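Okay, so subunit A shows up in both of these, paired with subunit B first and subunit C after.
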Partner chain A sequence: MSLSQRNLALLLIAPGLALVAALFLYPLCFSLISAFTGPQGGFSLQAFGKAWELYSGDVVFTVVIVLASCFFTGLAAIIIAGTLTLGENRWIVGTLKALYRWPLFIPFIVAAQCMRTFLAKNGLMNNSFVSLGLIEPLQAVSYLDWRGIIATFVWKQTPFVALLLAGALASLDRATLEAGRNLGASRMRVLVELALPQVMPQLLVALVLSFVTMLSVLSVPMMVAGSQPTMLTVDMAFRINAYGDYATANALGVITYLISAGAAIIYLKRGMAKENTP
Partner chain B sequence: MRILTLACSLAALIVASPLSAQTLNVASAGDQNMVDYVKDYLGPMFEKANPGVKVVSVGTGPGDSGSQKIYEKLDAQKGAATTDFDVVVIHQKAAGQMVKEGLLNKYTGNVETAKLATGDAAKNSLGTDVGGFVIPMFQSQTALAYNADMVKTPPATFAELADWARKNPKQFGYNGIKGGMSGVSFVAGWVYAFGGDAEKLMKGPYDAATKTSWDKAFADLKEFNKNAVITPGNAGTLDMLNRGEIAIGPVWVDMFYSWQADGKLPPNMKLKLVSPGMPGQPMYYAVPEKSAQKKLAEAFIALATSPQVQADGIVKKFNWYPGIDAKNLEGKLDKAAWDKLFTDVTPAELAQNGKPFPIAPYFNDILEGYEKKVAN
Partner chain C sequence: MIRVASGLRMVLAAFALAAFAFFLIGPLVNLALWSVAERWYTPYKLPVVYGTRYWEQVFRPTGDAMASLATSVWIAVLTVLLALALSIPAGYALARLKLPARAFFMVLFLLPQAFPSVAIYINVARVFYNIGINGTVFAVVLVHAAHGLVYSVWIAAAAFAAVDKDLELAARNIGASPLKTFFSVTLPLAAPGIIASGIFVFLESLDEFTGTFFVGVPQVTTLPLLLYNAAMGGNYQVASITALILLVPSVLFMLFIERFLRADVLAKVGA
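Our next item is the complex of A and B:
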């Protein structure tokens, strides 16, 4: 009986497993092999040499952009989730609640297109500032560079992180927070010293997922900023489109795997630490 | 039993239907306008002339990457009896490769209008002999667009432009080499101007040592870039010109006129084709070797390259230069439509400064040299 149940279980997961193997493992192995194959066949690190020679600056640029975006996303999400949980003004909390999830439903490419006209030198943002008398027309600068990429990423990812964080904050035991308030702690202090430490694992998980998402976006760096320096996704697309050079593109892919593996390790360590706690 | 009969007849119907109606699959690399051109203009015209035929138009995306996708599909179906595509519209770089690898059919002998395209582009694609395999659909050209209110006397040469950019920092913008072909064209023009022997880059033969002679040109370009704005894409350059954020930038002539016709560019914008020249390129009509509908494909291309369609569709609708020789369009086109295309760039200037892209190996060397010595 137990054997047949085991077989049944295997049978049930077989389609899913086959799908993972065919659509994920096979291409992954294929790209790994291609990255380590020289032009004449055989093992070679030539593709990595080329990737490093041409795109080392872009590797650093990518990591800095994604880390900075994660930092600001986390900050914005804490502010939003904190206001939702601890805010006392009904109107502010209600409006925020209704508004904050919207970017979640907008694809990256549409967000990039909006930012293109919003952040330009003579774009909507600067024009609004000028007409409000906040800046002179000559002071207007274009944000269509690395700042534009970060702004788009933060705008797009904040609702996702805030959603997870607000959920975690809402499920906290209110008694400790109330106790803090009763003892005279400000709301800011309650958030930073009492609430946040308890939801740190959830925040970290949300940020790790955002990190990996942002690492893989092509449309935003392509549409929002010029091409030097640029993110690795753009370089990969260029390697294939301009040269048909899959080896170097795959080498860049392997570098991206390694960067996201760093994030995955944090994610897994968190998960294991959680399972081990009684 | 009745259900079985019903199912059988339904199955028979499904199997039989493709026999009564022929389908011609046209795959176009290039922007959405190319797909729409086949879907809304050429397709219905061809269907009307050939009852029972259905034209299906698919797009594979803009730039060389679109052609790369078509190449990959044809390459993957090499072993199959037929390919999914019957007519392909491709860029120069991919055309040379496809001919070399035997993926295209030598069809132009069967198409009468092939004789109307005698220009160099009909035979030579970035150094590869493609005679017999392709007919140009149109010619496109890059040029510098400038805001006539901000720039009274536009630079006439690359050297003057470099000088102008130094005096007017951040007023010149182009999209580098990863954001679209107008930027690639500007970089190729720069190497033609300052890299030494431009003729050799366009005609060959290839000599791998040549690229070492471009170091000075690339170093100057790196310096030049400090005063330039790197825009996000072909449309990004036009956007910034439109908003008055830059005063000069390289653009595709057809995009420029289309945007201007749509009111997306102010009327004070003008074009200048600087000396020694900037590259342009054709798109080609080709028939895959394994096409299932070769006769139909040839008839379709014959229609698409006929003088009347070239006049009405290519020149009037899209502001492209015709793929067949311009003299064949005489009488088919009113003077206003023709003159519009040559207002800023005169035919003489186009003949003198409209250059092809360098042959494929030099092309790759220029792109990689730029990545190594300018962008890095």
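Our next item is the complex of A and C:
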């Protein structure tokens, strides 16, 4: 018996798909069903009511944190990638190139531990500012709250976005950029008006990926800012570990899916558009 | 006047670069300081007593850290083996064979990365608990492999796509069977990309916290879980040393990634 190429392909891909189905699709469906089921069975929005009543503040907090982190990550990545591509001082470009990638492969949990000590009231940041005479010792405050989460996310994700952006900028046609410079445009203007519009797709995809990543991280909000308000991942872990309350936890889960859905749709649209171009 | 302005700009740029370096490197320096601080309390800006007492405590053969490191590495090795066993055939099929709805399958492998994962993990933990495998190395390996599959499948597909088809045809023409062609021509040529994907999956598994937190606790303690427990327990020295151990493979990977992942393979990822 000989297999057709199509059947062989399906056979080769089946074990991998089975793992994704068992450990992703099935739990995903389970979380959806559990979120929409009442205590007596049957369709109910009760879990969402409870989730909203207890955690509406955290929903807003999560969205604001993730959007703000994406904004600052994008801004920092544009400055870094722009300097790398258009910078004229070799010393500055060289130093920046050697430095900026360091947090790229550092795990979130290590980043969280770094920031937990760095941003504390008596951490290295405040101590350095006091030593430099920038602030008085009494002015030192702990940044281990929403500011700490944003700082950790931006610190961790900027290299990734900057790397993709710098790659895209480097592959642009240099002649247009040079022409802009020759006509008297500043480097800032060349970056904002000529280069950035051409690499917007890459920037958008990198930011969407970062958005979903930040939405999924549990260690950073737990370790950097343990108190209320906090992010939805921490609330979900708490509902399960403290109460075994799957319905509310899954309702919160569905809310995180919805938050990321907007981002994912943009990502998939880009992917499909790329797939369709010859 | 122009010279003054450009000098001023240079000073500003140097200042901005210094501030950037401080915020980038500062957290890592703080981590390193904590790892050698035997005593450090306010109002002192630097450790009061330096020493390696906590390193000895961590690296003691009977210490928690060595046991966690061994568990982490063992889980990561098994995860790589499982992920490659699934992704080499899948990657080959996606790159070389006529597959209906190819884009759909590619997206399917991407989904576990494209969704917020906590809600998935709590339900996986519930299923594992019901079938009695929660808290086992096997359960953690399954979760890590599902998570790493997108890298291994996408990179393996790109690596197979980058192999020159003419070389396979040449092997077939001189009488090699399809299987022989695959093992003596296609697989060796795709190996650098597949090794890179394996390293990626290994690191992802080593660093993974959320899945292990729900599926492995309390029986399976990996390094990230040890780090979390030490940090939340206020033992900053052990947490910092564990974090530094976790940093080593990440930094090595960053330095060597270019050697393994060739540009022509990178260009085909997701294509």
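In this text, the second predicted complex is superposed on the first by the 265 of 278 C-alpha atoms of A that agree within 3 Å, B and C clash if a C-alpha of one lies under 4 Å from a C-alpha of the other, contacts with A are read in each partner's own complex, and residues count from 1 in each chain.
One rule holds for everything that comes next: contacts are C-beta pairs under 8 Å (C-beta built on N, C-alpha and C of every residue); 3 or more make two chains touch, one makes a residue touch a chain.
Quick caveat, the model's predicted, so the values are computed rather than measured.
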With the two structures laid over each other on chain A, which partner does A:L86 touch: subunit B (first), subunit C (second), both, or neither? neither
Would you sort A:F238 into first (subunit B), second (subunit C), both or neither based on which partner it touches? first
Once the shared chain is lined up, is A:S227 touching subunit B (first), subunit C (second), both, or neither of them? first
Answer with first, second, both or neither: which of subunit B and subunit C does A:A185 touch in the superposed model? neither
Classify the contacts of A:L215 with the two partner chains as first (subunit B alone), second (subunit C alone), both, or neither. second
Answer with first, second, both or neither: which of subunit B and subunit C does A:L196 touch in the superposed model? neither
Give the label of whichever partner, subunit B or subunit C, reaches more residues of subunit A. C
Just to be sure I read the superposition right, which of the two partners does A:F24 touch: subunit B = first, subunit C = second, or both, or neither? second
Give one of first, second, both or neither to describe whether A:R116 is in contact with subunit B, with subunit C, with both, or with none. both
Would you tell me the residues on subunit A in contact with subunit B in one complex that are also in contact with subunit C in the other? 116-117, 122-123, 222-223, 237, 240
Contact set on subunit A toward subunit C in their complex: 5-6, 8-10, 12-13, 15-17, 19-20, 22-28, 30-31, 34, 89, 92, 95-96, 99-118, 122-125, 127-128, 130-131, 137, 155, 212, 215-219, 222-223, 232-233, 236-237, 240, 246, 249-250, 252-254, 256-257, 259-260, 264, 267-268, 271-272, 275
The residues of subunit A that touch subunit B in their complex are 53-54, 56-57, 116-117, 120-123, 142, 144, 222-230, 234-235, 237-238, 240-244
In the complex, subunit C touches subunit A at residues 10, 13-14, 17, 20-31, 33-34, 42-43, 45-46, 85-87, 89-90, 92-94, 97-100, 103, 105, 107-109, 111-127, 142-143, 145-146, 149, 153, 203, 206-207, 209-210, 213-214, 224, 227-228, 231-232, 236, 239-240, 243, 246-247, 250-251, 253-254, 270
Subunit B contacts subunit A in the complex at 63-65, 68, 71, 97, 175-179, 183, 225, 229-233, 236, 239-240, 243-245, 364, 367-368, 371-372, 374-376
